[in-house]
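By letter and in written order, the chains are A, B, C and D; residue numbering begins at 1 in each of them.
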Amino acid sequence: METAAEVVPPRTHYVNAKYGVKSWLLTTDHKRIALLYLASVTFFFFVGGFFAVLIRLELLTPQGDLVQAETYNRLFTMHGVVMIFFFLIPAIPAVLGNFLVPLMVGAKDLAFPRINLLSWYIYTLGATFTVIAILLGGVDTGWTFYTPYSSTYSNGNVILTGLGVFIVGFSSILTGLNFIVTIHTMRAPGLTWFRLPLFIWSHYATSLIMILGTPVIAVTILLLALERLAHIGIFDPALGGDPVLFQHLFWFYSHPAVYIMVLPAMGVISELVANMTRKNIFGYKFVAFASIAIAVFGFLVWGHHMFVSTQSVYAGMVFSILSYAVAIPSAVKVFNWTATLYKGSISYNTPMLYAFGFIGFFIIGGMTGLFLAALGVDIHVHDTYFVVAHFHYIMVGGTIMGYLGGLHYWWPKISGRMYPEGWARFAALVIFVGFNLTFFPQFLLGYMGMPRRYYAYPEEFQVLNVMSSAGASILGIGYLIPMIYLIWSMRYGPHASANPWGAFGLEWRTSSPPPTQNFEKTPVVTWEAYEFHPREEREALGVMDVLDRTLRPDLNVGDRG
Amino acid sequence: MATHAGLAHHFDDIEQQREAGTLGMWAFLVTEVMFFGGLFLAYILYRSKYPTEFAVASNSLNVTMGFINTLVLICSSLTMALAVYFSQIGNRRLITVFLLLTMVLGTTFLVVKGFEYHEKYVEHHVPVRFPTYEFKWEPHGSDHAGAHEASSLAVDTGRVEMFFWLYFAMTGVHALHMIIGLGILTTLVIMTRRGRFTPEYHSPVELSGLYWHFVDIVWIFLFPLLYLIGAHLHR
Amino acid sequence: MQLSIPFSPDQASSYSGRVDALFAFLCVLTILFGAVITLVIIYFAIKYRRRKEDEIPRGVEGSMRLELFWTVVPFLIAMGIFLWGSSLYFTMYRPPDEALEIYIVAKQWMWKFQHLDGQREINELHVPVGRKVKITMTTEDVIHSFFVPAFRIKMDVVPGKYSTVWFEPTKAGRYHLFCAEYCGTGHSRMIGWIDVMEASEYQAWLAGGAAEGSLASSGEKLFQQLACNTCHRSDAQGRGPVLEGLFGKPVQLSDGSTVIGDENYIRESILNSQAKIVAGFQKPSIMPTFQGLISEEQVLQLVAYIKSIGTKQPMEGGAAKPQPPTTQQ
Amino acid sequence: MREHIVSPKVYFAVFTALAVLTVVTWSVAKLDLGFLNVVVALTIAVIKATLVVLYFMHVRWSSRLTWVFVCTGFFWLAIMVALTLSDYLTRGWLTIAP
């Protein structure tokens, strides 16, 4: 990877434009807010990871020797709550999305910069409540908060945690709202919808889910908290209430929330695959519409979490068939990414390694989703480790791979420095191996019948559990390495040029790191998305300037003052 | 278009800013629809499951107060619309007048609602289980208008309590929105007094208007659902 | 600690094999699909690896035919899986007509079984091999889930209602019963056993057990203790509907609708007499509600009793006669 | 697009319609129309809400995008209600639990 080796004169960019704590905490610059989010979600990733470590240690032996059952229940609950609401949901949209959406659409900022800052403060407030709940002993309901356990029987800090989730939901709503308005109203001249990067399409789809789904979980959690406070409520069988209604309301959000987590990762992968092969995505429009289709269909399938919940058999069938419908656009994406490789110029840089990993994990995660949507099979594997393995393949194997891939890919843009490529490839490999060793055995465990959320388990499950725990220790180390070298590179990494990858896209047409205003002057877009041409075609088309600017970083340092 | 004091740095012109604001507000209102939607869903479900109890409980509400409140809210929507109108034509004095009128009407609504809540509290119709206060449903207890005398024995108390639970949840969340609305209106009055709004730039008034009308719409549905359906029974 | 890695749980019910068949099909599909994509990716990644740092490949147009191909074919396969899965689901959740009936009351953190003959068991259920067993379940507290991996069945047990599940054991043995829905501190201790016995052994076990009469006879005793029989008389002269011949038949209600007189209806009527009033009877019902007064197990006994008289004919007429309104207590 | 200024006359007309409809729904509620009571009450509510959305909230003069957003909100609400009811209304068909 070539880097600007010559001494670079100091230049004003968003990081050094202002100094001091206040300049960060009161900033309305989307790039700085992205970094605030980066710090927050990283913190919560390691908090959630810490719980995961304890869970895996506990499961080494069948009897449960390390902690009490009560403690274990709190561990997996807090692991779920922290990872889902405070890491996975905000991870890609609030960090990479926040940083890149304005850059990619050629805007100076998001439509509502102060609301953007507010969303981070709301996140922090929600996080504070949750951290207080953790410090007071946590909560033991499972992240699903099923009634009547959560409303009546649990003795954990349900209300406090619920409040945290309720509040953080609004930060998600505000982020989504900001993206939607920005993408609609602030695209640069010439940047039509079908010239948008697929990252933007997937973020648009994600934002739709955020504004349509999140309010429902908010009101559900509110009803739950009120029910706990009043000692009576609408999910209480004593009043003729139906606990299953809670599950409907909960999953109406929480299933689409899975797509909040994975759609942005798909957007990242589309960027990586296109730019690391230097080709337009095969079937651009299909991939773009697949994102929207996933967002829409994602709202129609929540009942597949409730096949054994005493839900009506007929509703079960409706939800099952719709679940298969949502599988199709996901499959279409995988096919198109694969086809994009054909006759490409495929780089083996770290981001691309993550993209390969993502596709592999996503195939397994997605295909096992077909198992779970098949009514007869779901009866057996529902609420077992099979489900646990399935959603970790999507969440960890999908979202986190996409997140790390994207973080590496845009790291030069974010920090202005290159990360150490050797270490990065090594870490990607460690994560790949550790991940499979952790979660693949869990498919077998689930099929064998080990229910999830078990503190102690029959002895025949031990071998697979030990394998899983061993894998988790490798995975844990795999996650620590990037954190160390990325922090290291912020100070010691070689300076990055404006476009170290030879990538397409507006964000690579401004300096690294970008100036506070993003672009020296508002870009005018005259090209299609990922419009790579070989040199001779470029000459014939007379588009030399545009593409050579993207591909010849040495020509692109003019704006360095 | 000339640059305006209200134009934020990241927009190209005031038109783009206005468009973004309107779209943002509508997106927010969509989330509000879904927020109330969860409550409406629960209500529809239980209402259809337990029609008798819900009708009986519903008939113990004070329909007159609900009716007055509906008119009050519709009036406040009118005054809000007029405030927006005067912000469009730039009449600063009348903006203030109509915003204040809207606030007065909004407060009236809340006061009437307060009386209703108090009545329910006295009758022990607040659905909680506290050592000091418990929900009670007396066969002949609260009989303003004698609404449910004949039928009160026939019902399951739990389901009546369910109605009141939903009643308080729905009207409570609605009232909370009203209170937030009053806060927003106060800010608008101050901004108007400071001469922030001109015919070119008055988005805050317009967007707050959208919010206020939305809260009105929620009540337009709450009134028949909570007070009216089933009013023909047991009369 | 066993050192072999297990791959498949026991197949011990008539249903297990059918689930495993679909599961195996899905595994094959996953492997095929995964292998094809992976091999294609590896092939492309090697063949089209970047050779020069600044090379740019010639663009490739998308292909409508390919897109249609890989939209339609997966869709058809998915529909096939859907139909297959649904047929299994229906088999599972349509209870058989003739079955050995067992009742479960779950609570934190144990399974309480009641046999019709009166045997009660905790965390251990004895059933004969080769007979269909239908389980009717409820819970005293939170949601639990009845899960027997060897039978490939699972059903949530939800407070406030009866849910049912059935199975037909095909192999004698001892199989795990798990609670699969998280239910609190002792969730992982809520494990039991299903003992599937040969018919003769089962008979012996039955003969050894029954201490306190059948479930229905306990229910009958309770029926008298609670003075139900003063109103629900078999001669249609009581103030309540005749219960003989009720079970499984349609019941005409006062609001014009009909319900089937099943377990859930009987349970609801006992606990909340106002819920569904039989046509021709006084509204409000004069029957007290038993919500909170009797336990789920007692309700079960009453249900079993009413069920046991369900095949009897009422003494007179056949249908319950409405009573003139009587004074309230 | 320039914003459309609605004349106060329109506002007063809409207000009158809303007030009249409120009185109508209140009076009709006392008559016994069987299941029609619900239908009438909700129809009037929908008409009132539509009037507010179209005139007070200016949607009648708004861009297509605004229309799409308004419709999306109610459409998604319909999805939530319809699919949840698809469970509750079909539970009796094959009883595994009420």
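What we mean here is this: a contact is a pair of C-beta atoms (placed from the backbone, for glycine too) under 8 Å apart; a residue touches a chain by one contact, two chains touch by 3 or more.
Only a predicted model underlies this, so the values are computations on that prediction, with no experimental measurement involved.
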- [ ] Name the most central chain, where centre means the mean of Cα atoms.
- [x] A
Open item on the list: Ranking chain pairs by how many C-beta pairs touch, which one is first?
Closed with: A-C
- [ ] Between chain B and chain C, tell me the centre distance in angstrom, where each centre is the average of that chain's C-alpha atoms.
- [x] 43
TODO: Mind checking the centre-to-centre distance between chain A and chain B? Centres are C-alpha means, answer in whole Å.
DONE: 36
Task: Inter-centroid spacing, chain D versus chain B (mean Cα positions, whole Å) - done: 15
Task: Contacts with 2+ other chains: residues of chain A - done: 184, 212, 216, 238, 240-241, 244-245, 252, 310, 313
Task: Interface hub residues of chain D, defined as touching at least two other chains - done: 65, 72, 76, 80, 84, 88, 94, 96-97
- [ ] Enumerate the residues of chain C that touch no fewer than two other chains.
- [x] 90, 93, 155, 158, 161, 163, 272, 275, 291
Task: chain A contact footprint on chain C (complex, rising order) - done: 1-9, 18-19, 22-23, 26, 29-30, 33-34, 37-38, 40-41, 44-45, 48-51, 53-60, 62-63, 66-67, 70-71, 74-75, 78-79, 81-82, 84-93, 108, 141-143, 145, 147, 149-150, 152-156, 158-161, 163, 176, 178-189, 191, 272, 275, 291-292
Task: Complex contacts: residues of chain A adjacent to chain D - done: 184, 212, 216, 244-245, 248, 252, 299-300, 302-303, 306, 310-315, 318-319
Task: For the chain D and chain B complex, residues of the former touching the latter - done: 1, 3, 5-6, 8, 11-12, 14-15, 18-19, 22, 25-26, 29-33, 37-38, 41-42, 44-45, 48-49, 52-53, 55-57, 62-63, 65-66, 69-70, 72-74, 76-77, 80-81, 84-85, 88
Open item on the list: Looking at the complex, which residues from chain B come into contact with chain C?
Closed with: 52, 151, 153-156, 158
Task: Touch list for chain D against partner chain A, complex - done: 65, 72, 76, 79-80, 83-84, 86-91, 93-94, 96-97
